[in-house]
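To keep things simple, chains are lettered A, B, C, D, E and F as they appear, and every chain counts its residues starting from 1.
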Amino acid sequence: MTRAFYIGRFQPYHNGNQYVLEQIAETADAIVIGVGSAQLSHEKENPFTAGERILMITGSLKRIPIPVYVIPIEDIKRNALWVAHVRSMVPPFDLIYSSNPLVMRLFAEETIPVQSPAMYERELHSGTEIRRRILKGEDWEQLVPGPVAEVIREIGGVERIRQIARDDCDVNDCSPDRWL
Amino acid sequence: MTRAFYIGRFQPYHNGNQYVLEQIAETADAIVIGVGSAQLSHEKENPFTAGERILMITGSLKRIPIPVYVIPIEDIKRNALWVAHVRSMVPPFDLIYSSNPLVMRLFAEETIPVQSPAMYERELHSGTEIRRRILKGEDWEQLVPGPVAEVIREIGGVERIRQIARDDCDVNDCSPDRWL
Amino acid sequence: MTRAFYIGRFQPYHNGNQYVLEQIAETADAIVIGVGSAQLSHEKENPFTAGERILMITGSLKRIPIPVYVIPIEDIKRNALWVAHVRSMVPPFDLIYSSNPLVMRLFAEETIPVQSPAMYERELHSGTEIRRRILKGEDWEQLVPGPVAEVIREIGGVERIRQIARDDCDVNDCSPDRWL
Amino acid sequence: MTRAFYIGRFQPYHNGNQYVLEQIAETADAIVIGVGSAQLSHEKENPFTAGERILMITGSLKRIPIPVYVIPIEDIKRNALWVAHVRSMVPPFDLIYSSNPLVMRLFAEETIPVQSPAMYERELHSGTEIRRRILKGEDWEQLVPGPVAEVIREIGGVERIRQIARDDCDVNDCSPDRWL
Amino acid sequence: MTRAFYIGRFQPYHNGNQYVLEQIAETADAIVIGVGSAQLSHEKENPFTAGERILMITGSLKRIPIPVYVIPIEDIKRNALWVAHVRSMVPPFDLIYSSNPLVMRLFAEETIPVQSPAMYERELHSGTEIRRRILKGEDWEQLVPGPVAEVIREIGGVERIRQIARDDCDVNDCSPDRWL
Amino acid sequence: MTRAFYIGRFQPYHNGNQYVLEQIAETADAIVIGVGSAQLSHEKENPFTAGERILMITGSLKRIPIPVYVIPIEDIKRNALWVAHVRSMVPPFDLIYSSNPLVMRLFAEETIPVQSPAMYERELHSGTEIRRRILKGEDWEQLVPGPVAEVIREIGGVERIRQIARDDCDVNDCSPDRWL
């Protein structure tokens, strides 16, 4: 019985994430998905709450025939404690899938096996690109599973991204307390 | 479509929780379960990590025919922000089930509908009683669903509870930094 | 020009506080009032939010003819930093009035002058006694200035104290995450 | 009875803020002013403590004939909790005045009415411009109410801004721990 | 080369600690001493700052012929992360000496070797007993190494303990914000 | 008896730090070294843990004939409290050596004497330059004391810096939760 761990911010969840998880589902017996930076929302780079992202992911993974755990992971901002933090919040897992060098390094220093998943048209399927398209009014719905587009519409996600973007704060300075 | 919210610490998850959730499942279309004080573990009152508790709950709810979300909720220690905290971490819900007066008050002040679930032999089916029995070596397995007993055995939960109990720290003073 | 500092939790503000502040107002040119444990509310010992307490205090001090600053002070739980924390949050002051030994000690170690105000029927005029009377349905309104009773009524404060008290959590364990 | 809420960082308070508040005072019965990022000081973008900013604001608003509450608001860095945080710290209010898109969005999602105040020569009257002038030795006193200039002089604010600016840390990296 | 880890709160450091460390020094090549609850001070149970405690310890260990590292460890209040926290703050170590069951459990779950040191008249040589004697004016200096008594005298430690004790706050409620 | 305080991030400790400390050791009776941003590690700008940095420093200072205290200092991100934070964590000191304008300002506002140490080929001897050389495979060992090079080799520090650098996160966005 192999439980695999996969983590992302999912701002929003997209077809690239879906492709990777479908690959993992072919070999693992269960999947644990960490929703990173769970405490962030209503920012240009992080428009959606953890709850909204969980809804997107579970809606998209209904067809996967193995157990899937979707767990919000709040930042702790101390890299040396991050693996212990993740492990305390999710069911035990046997290996992790990640192509992020820092994530790979932190798990490797704890001697946990890491695999890099094959990516699917990475430049197109990225949260950055999708948020940019939503902001500019370009087509974005084709890049995400149907249930994701539905959640974004229901919560007024397009309007939220556009209104937040009018803020003159930059990416490191986007809390409501930062206006002039 | 009605999504119901139910929250507890689940230290551990027991037949009383199971009874309530099976009742809720008969009327709701989906259930969101918050695992409270998610950041606590290895304490007399809070022996299990959030990940271990999630495993107990999902193992016990396999037969429930509606979608179930099991989400860790870290404490924020500011009651006036607690409802907003919960709502940001979980999918949107329509009503909550709780018999805790403070939880009921906090949701009611935000005008969210609250219902008190019928309880099932409450004195017997409580985390306090089950932890006491584990500690004293009395029979406890009959008070929890099978998968819960299995998780506790696999993680060495009985030994953990007994070793922690040898600590002379009291309930408010149980961090490892508190010895003399 | 002498600015005096006075601090309390004001759960709720009462005639004893009013008496002390009227005494201070006779010698100082301005008063800075710190509302301590500002982040706490909806607890048996701390039922009211900082905003509600500020409303009680300013309503009661309308007649005082010198400038009054009412400032919420969140706990930092590090005594060695507490004086620096207070000083960063409030306008500069010249002396403090307190009869709390720890407050007196912390300011004295920073060589800030401390005076102990004359108290007014201390056992009767205490937050503890007033909260007890509200809970038990005994007469409490005579112990607080008129505007305080008005604020408590408007926000449903009596009902809040009574509902929270039904919680079986004890004083150190009153967050909503602590139920069984 | 209408209580209006207005929030800013006030680094420092200036004639543009004063203009807006005088407008609000003509229609509201009371004003609540939130001093945002209250925990920050001694940074290029945030040179003044909350206490110093409160002194600037109250000194400038002496002539306003309605009650004014000036309340420090510490950052919480979780946008989804920010409105609840603000509301717990200040007296209840009926509408907010803001031209910051994120603030407007966050309050609107909680269905609290938002109005955009008319601005007064916005480019000139901004904290950024005033801090730049102080740093460069250009005339800045005409951009702030008299009491603000007085506070800045008394606390050695000009020297503080200039000394901090010699730091080679950039705006996101200005804590004392960040030198090489 | 064996580096041993030993942790305590050292409120204050006493002959029992000294006895254990002298034993450890006979077999280890270096000792790492963690000063737990480093952020606490000016409390009945935690009267001394981390800096004061470091001074006591290093003064008492001058004669030990192997390298000694004395490191403050702030509480993190998440037991599942505590071992990772400690390990990030101190030089690498090979085994730990502790007789605290929770500390032993947490290290053992990370498969780090734990040894229980022989204790020396434990009831007499405890921080609790020494603080009690200081408070009551009984003889305490014989229970601590000479340099500890000297540090306590120099910082006015006796007066601090007595003044703090006049506070009516109990052990869980000793921050300056907790008075009535 | 003069105790001097010196603070840096020491990512890593280098010959420039060594030069300054040897100068200080000629006039002071004891040195307290604060290891700043102690909670950070595994970042491009902060690759090493506090424990690793303490090992580098103590290994390099074996020959210094006066007592040396090496103390990790976690960030608190509130400049107005930073001096109180430092003072609570380290033994009392009489003057500080720093060439960082913000550190100088914060201590000066608390009327603690500050001296600027003579620097030694500052551009060459900086953590930034050494990390750049490690990353690029250029010669860096000549810029640090021998024990520092040894620690970096033993912990796999070169590989850590290179692997982390493959991350596409920028300097303000380097937590593991920030990937796309």
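Criterion: contacts are C-beta pairs under 8 Å (C-beta built on N, C-alpha and C of every residue); 3 or more make two chains touch, one makes a residue touch a chain.
What you see is a predicted model, and the numbers here were worked out from it, not measured in a lab.
Where touching is counted per the definition, the chains common to chain B and chain F are A, C, D, E. The best fit of Cα atoms from chain D onto chain E calls for a rotation angle of 180°, in steps of 5.
Per-chain Cα centroids separate chain B from chain D by 43 Å.
Between the CA-based centres of chain E and chain F the separation comes to 26 Å, rounded to the whole angstrom.
With each centre defined as the average position of its C-alpha atoms, the distance from chain D to chain F rounds to 35 Å.
Along chain C, residues 39, 41, 49, 78, 80, 87-88, 172 each make contact with two or more other chains. In summary, the structure contains touching chain pairs A-B, A-D, A-E, A-F, B-C, B-D, B-E, C-D, C-E, C-F, D-F, E-F.
Listing the residues of chain F that touch chain E in their complex gives 38-39, 41, 49-52, 54-55, 58, 67, 69-72, 74, 87-92.
The residues of chain B lying in touch with chain E in their complex are 39-43, 49, 160, 163-167, 169, 172-180. Across the complex, chain C meets chain E through its residues 7-9, 36-37, 73, 75, 77-80, 82, 98, 100-106, 109, 126-128, 171-172.
By the touch criterion given at the top, residues 76, 78, 80-81, 83-85, 87-88 of chain F touch chain C in their complex.
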